[in-house]
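I've put the structures underneath this note.
Both of the next two complexes hold subunit A, though its partner changes from subunit B to subunit C.
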Partner chain A sequence: MELLAQGIASGVLIGGLYALMALGLSLSWGALKIINLAHFSFILLSAYLVYQLTVSYEVDPLLTTIIVVPLFFVVGALMQVLFHLANVDEFKSLIVSFGIFIILQSLMRTIWSADFRRIGSDLNPYETESIFIGNIALPLPQLVAFGAAVLIAAAMSLLLSRSYFGKAVRAVAQDADMARAFGIDSRRVAVILSGLTTAFSALAGVFIAVGQTLFPGLAVSWFGIVFSVVILGGLGHTVGALTAGVTVGVAAGASAVIWGPLAAPLVTFVILIAALLFRPEGLITSRSVA
Partner chain B sequence: MTQRARVLVGFAVTLVILGFLPGLQETMQFPRFYVIFLFTVFFWVAQASSWNILTGFSGYFSFGQGAWYGIGVYTVAVLVGKRGLPFMAALPLAGLAAGAAGLGLGLVVFRLRRLSGEIFALTTLAVAFVLASVARLTTAIDGGTGIFMTGTPLPEFLGDFTTAMYRLTLVIALATVLVAFLIHDSRLGWGLFSIRDDEPVAGGLGVPVFREKMIALGTNAFFAGLIGGVWSLQLGFVTIDDVFNIRVPLFVILMSVLGGMGHWMGPVVGAVIITTLSDRLNSAGLADVNQIIIGSLLVVLALAVREGVYVRMRDRWVTTAGTFIGVLALVVVLDVNDSLISDFAFAMVATVVVMLVSERVWDLVRGRGRSKGPPPPEVPSADLAETSA
Partner chain C sequence: MRSHRRWSYLAIVTVLALIVAACAGDEGGDTTAPPGTDGPTDTSEPSTETTEPSTETTEPSGEPIRIGGTLALTGFLAATGVIHQAVGEVFVERLNEQGGLLGRPVEWVLLDDESAPDQSAAAYERLITENEVDLVIGPYGTGNITAAMAVAERYGYVFPHHTASLTYAYNYACHFSSWSTGLHPNLTNPNLVYDALESSGTPPETIGFVVNEFPGTMFISYGQDGTDEGGAVAEAVKRGWDVVLDITFPTATTDWAPIAAQIRDADPDFLYIAGLGVDAPNIITAMQAIDYLPAGMFSQWPAPGPLLNTEGADGMMSVTIFEEHPPFTDDPEVVEVAGLINEALAAAGIPYTKVETQAAASWTAWEYLQQAAEGAGSLDQQAMCDWLLENGADTLFHGDIQFFADEQNYYVDLSKVKQIQDGDWWVVYPEEFAAPGRSVIYSP
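Entry: the complex of A and B
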């Protein structure tokens, strides 16, 4: 029973990480109509960069955020510029971002090899830190990641609903041509949003580097989970992504306790199929950009 | 002779010519490796053509090829390698199992009214990894130990192992392409094309949208599973990581994008070119770089090539044949390469480059010619309206 409670608790926390990973994909799909498979390799690439920076310069891994996040903002913005130049539509974005995914995956395999990489505990002060509630341990890296996910989801939700930029994003998401006719620079909005979503994936990468062991196949293993979170949360829906992340995290965490860790992908897939069958528009339907 | 009859005769001739090739190996004294190379090409032709039946015709983008292929591989591996069933009895089951899995997925996703194309694409991406974890969990399937397939007894009439592989893959590849051709030129094909262009309108005009998508997906999965079943023999030792990875969908997509997805011959041309190139890259010791090149190629082709090289080759077949034969003759005469496959790879790359470059040059020449002459009559064309929108 205690084991199950622990499983659920870590499920909630890891759900925050899932939400952070899904947020970028969800926003770019919902608002920009671009299904960016490269997001998965951006997350892993950011994690590897954090690993490399920490190991090479012996800095605090969380401190690398100030380098990695702006860097990926620029990368994401540039990618969107490329997509504009080439007139990439939804269908093409799948092929192109799949190509980018493959390139980045092979690059990472070439640079960091297929070996397991982990920031050593001498450089990683957060690795073994935990906060205890009763007998339930809450590992610090996951706790921080969860906090960041909540903050970002709330901030994005506010940004989208209150600010001019948010209104512009929602207008572009509804009808880009019409938004342009009303004087919104839809390309600029898209470039900034793409930068933001990629920056989110970079942030997710930081937390993954702190809390997990890295290997190139990791990106592929996220497909099912993150995609379930996106669908369950509703496209372009920030708060939905968080709720869905926690739901999927708890389900995966509880099933890992009951059936072993290998069952987790299966459980997320069952959730995905159930979501598609019964609630294809997501858990919460109000207030999304799409 | 109608076009259909001509194509069917073409199929028969191809079957006869290619069917007799391995028999000539001893009299002609060419390396046995050529036979192996050819059946690798057939494998990819079957994969790419079956993928194209769904994605090229109906526009539903599928990453599921690896899953259907993997189901085929594991059906044969479990039934033959573990249960000792005769291979020829298990092979059809491989196709049927994959087809059933495809239909099961279609039943869920094709009923969605919104975004079903995008959701289909991403769900198929996840399926292969879910199947991998199922195979890993179930000891009756794999359990993480892998299955040995070497020394599987094959029926007498297929000949030795290499010849048997050659004959099996040839027949399945030709059957897949034939089915793709028959669908392409049928009421079903027109229905699928209308779904690709505008599904709600197609449905409104009475195209049985759901049924046609299911047929296309089922056919795709069936043939992918069938060729996967054969390929389990070539793998020798079947492991989860070897089977359920991103390689099969990646190559299939690249081949079809290069060759052209609208036409049934596109993936065939793409498969021949990409398999040849990839084989040369690997034998040059560039296997690590291979995927980076393949990925870059995919990005460039997706951005630059609108309808694939096949249609252009057909329209300008004199240039195509001229370049191909010219370059091939040149490399053979100069004796640059140690292998005939390298010669062919050179000629293919040259032809593709000429096809792609010549279009740019062609546009330039035509554009200049037009500005000098009288302005063309203003005819509103559906094509133009669509590109400007």
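Entry: the complex of A and C
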């Protein structure tokens, strides 16, 4: 029973990290109609930058957030400007962002080589820290990532539903031409939102760098799980992404301890297929921007 | 209409995600051992590189001898592929400085197989039929080697290769593995480790296994499919040790916490991680996070650098065929070559620059090719093959190697047990190969 409880607790927390990785992609796809495959490279690039800042300047890896998150906001905003200039639509975005993904992967391989990189335990005090509830361990990096995911999901949900900017985003998502006719600067809205989604990927990268070993191929291993979370959560739905992340994490964690780790990916994709068949709009449908 | 289009995209991306996830297969390269049977993870075009002959000391002359091969320069095996690239470049440069091969300069025609067996096979086909290379040298990664070997066999080329793990699958008469694990590493490797544990005087009473689904680690753990030979698990049982945990995990595992929880629940005296690359650091970190570490651990084919940086990894054991310390470095030429490789690896941006299994096996494979040509006195493939089978090879890092035809050209298992002690890797068993002052440290 304790084993199952630990599996579920770990699943909830890793679900937060999945959600953090999926939030930006979900918003980008749902609101901007950009299927941004480069999102995965941004997460990894952010992780590499955190690694480099930490080992070169011996700064606390979590403190690097104040550098990488604003930096990636700017990168995301600039990317959206380029997308506007190139008139990239939903289908083209798949091709263009895949190109960016390949370029960034090559760039990372050139700079950091294909070999493994890991922040040494002397510079990474969080790697093995945990908070215990009874005998159930809650690893600190995942706990903080989960907290960040909850805060961002809630904040974005409020922002999208209560603020003028949120209404503008929803209007642009539903019909950009009509939104422009009503005086909404759709390009400006898109640039800001793109900056935000890329900043979220940078934040996910911080937690990846703190908890994992980095190598250029790592980004590819996230495709399946992150797309599952995005689709399960519903496009453009921040709370949905969090719910889906936790659902996937718990299902995988529980099945891993009950039936063994080989069952985890099977259960994840069975849930995804079931959702596509019976609830293709996502687990939660209210307050979606899409 | 709009909704229909949206769901079309959704379907496309879902399929794309599933394909890429399936292709991801492994969790990265492996800097000690032999991953490799999954598909491509990188779509960049294959590149061609050629190492130009140097003419600093002895001038080789005449038409260059072209040696063709592929390496995983991109894709999930690239972390180790670049080690083989650096070593090969050092070897070819040094060979040309020393007069070339049969008095002729040597060119290495290197293609990127993108870590994909199908790309590897196609590239070898092209190297032999279109580029018309004189000789071939094997790629990196079990799957890629297996695929390329079939092409070499079809054209009758001598096929030296580095670190393929499915020993039983290679029955080509002219394949020559430079990773001397013997034909039955599923028996010899675990028993070597178990003997090392026994040598501590306090062997474990219980043992747990966590096994990567990768074919090579499955072979080591459970033996060849369809035979009753067994592997590490069965050999532990034969010693009377209680197997309290035996789980298999997917190669693309991203959440290690449930595995760590199961290890803690089983609480083995010794944990055998039949994993590769960064499996062991990930498992240790996950175990540390739930405040647990077993008394002793072994990792089959870890990336050596990241493990050294992992809190809690002290005492971790593994297997190796070479480490850069005495008695392996008693020969001054070994020190000289190891120094050249260290520099090349550093220049290539590899963080862990010491010569160990991968680099040593890579160098040895090149030596096989050189000695076969020089021994046969020609580039005739059958003559080279026969010469190696008859004479074996005199290698820098492993001494004399013989190729036993009745053992599918494998020699004996030359593996040694190494252990992390005081922040570095040291060979600790067998005693005659142990670093000065080092021995197995283990107490359950």
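The working rule: the second predicted complex is superposed on the first by the 281 of 290 C-alpha atoms of A that agree within 3 Å, B and C clash if a C-alpha of one lies under 4 Å from a C-alpha of the other, contacts with A are read in each partner's own complex, and residues count from 1 in each chain.
The rule is short, and it goes like this: a contact is a pair of C-beta atoms (placed from the backbone, for glycine too) under 8 Å apart; a residue touches a chain by one contact, two chains touch by 3 or more.
Since the model is a prediction, treat every value here as computed from it, not as a measurement.
Superposition of the two structures on subunit A shows subunit C clashing with subunit B. In the superposition on chain A, contact of A:Pro265 is made with both subunit B and subunit C. Contact with subunit C, but none with subunit B, is seen for A:Ala252 once the two complexes are overlaid on the shared chain.
In the superposition on chain A, contact is made by A:Gln6 with subunit C only, not with subunit B.
Which of subunit B and subunit C touches more residues of subunit A is settled by the count: it is C. After overlaying the two complexes on the shared chain, residue contacts for A:Ala86 are found with subunit B alone; subunit C is out of touch. Using the contact criterion defined above for the overlaid structures, shared-chain residue A:Ile100 touches subunit B, although it does not reach subunit C. Contacts of A:Leu277 after superposition on the shared chain: subunit B is touched, whereas subunit C is not.
Looking at the shared chain after the overlay, A:Pro70 reaches neither subunit B nor subunit C.
Once the two complexes are laid over each other on the shared chain, residue contacts for A:Gly147 go to neither subunit B nor subunit C. Residue overlap on subunit A between its contacts with subunit B in one complex and with subunit C in the other: 35, 90-91, 94, 102, 105-106, 109, 220-221, 223-224, 227-228, 231, 260, 262, 264-265, 269, 272, 276, 280.
Taken together, the subunit A residues at the contact with subunit B in this complex read 29, 35, 37, 86, 88, 90-92, 94-96, 98-103, 105-107, 109-110, 220-221, 223-224, 227-228, 230-231, 235, 260, 262-266, 269, 272-273, 276-277, 280-281.
By the touch criterion stated above, subunit B contacts subunit A in their complex at residues 59, 61, 63, 108-109, 112-115, 117-119, 121-123, 125-127, 129-130, 133-134, 136-137, 245-246, 250, 253, 257, 288, 291-292, 294-299, 302-303. Residues 2-3, 6-7, 10-11, 13-14, 35, 90-91, 94, 102, 105-106, 109, 112-121, 127-130, 132, 137, 139-140, 142, 211-213, 215-218, 220-228, 231, 249, 252-253, 256-257, 260-262, 264-265, 269, 272, 276, 280 of subunit A are the ones touching subunit C in the complex.
Within the complex formed with subunit A, the subunit C residues making contact are 5, 7, 9-10, 12-14, 16-18, 20-24, 26-29, 31, 41-44, 73-76, 78-79, 81-82, 213, 247-250, 252-255, 257-259, 261-262, 264-265, 277-278, 281-282, 285-286, 288-291, 303, 305-306, 309-312, 348-352.
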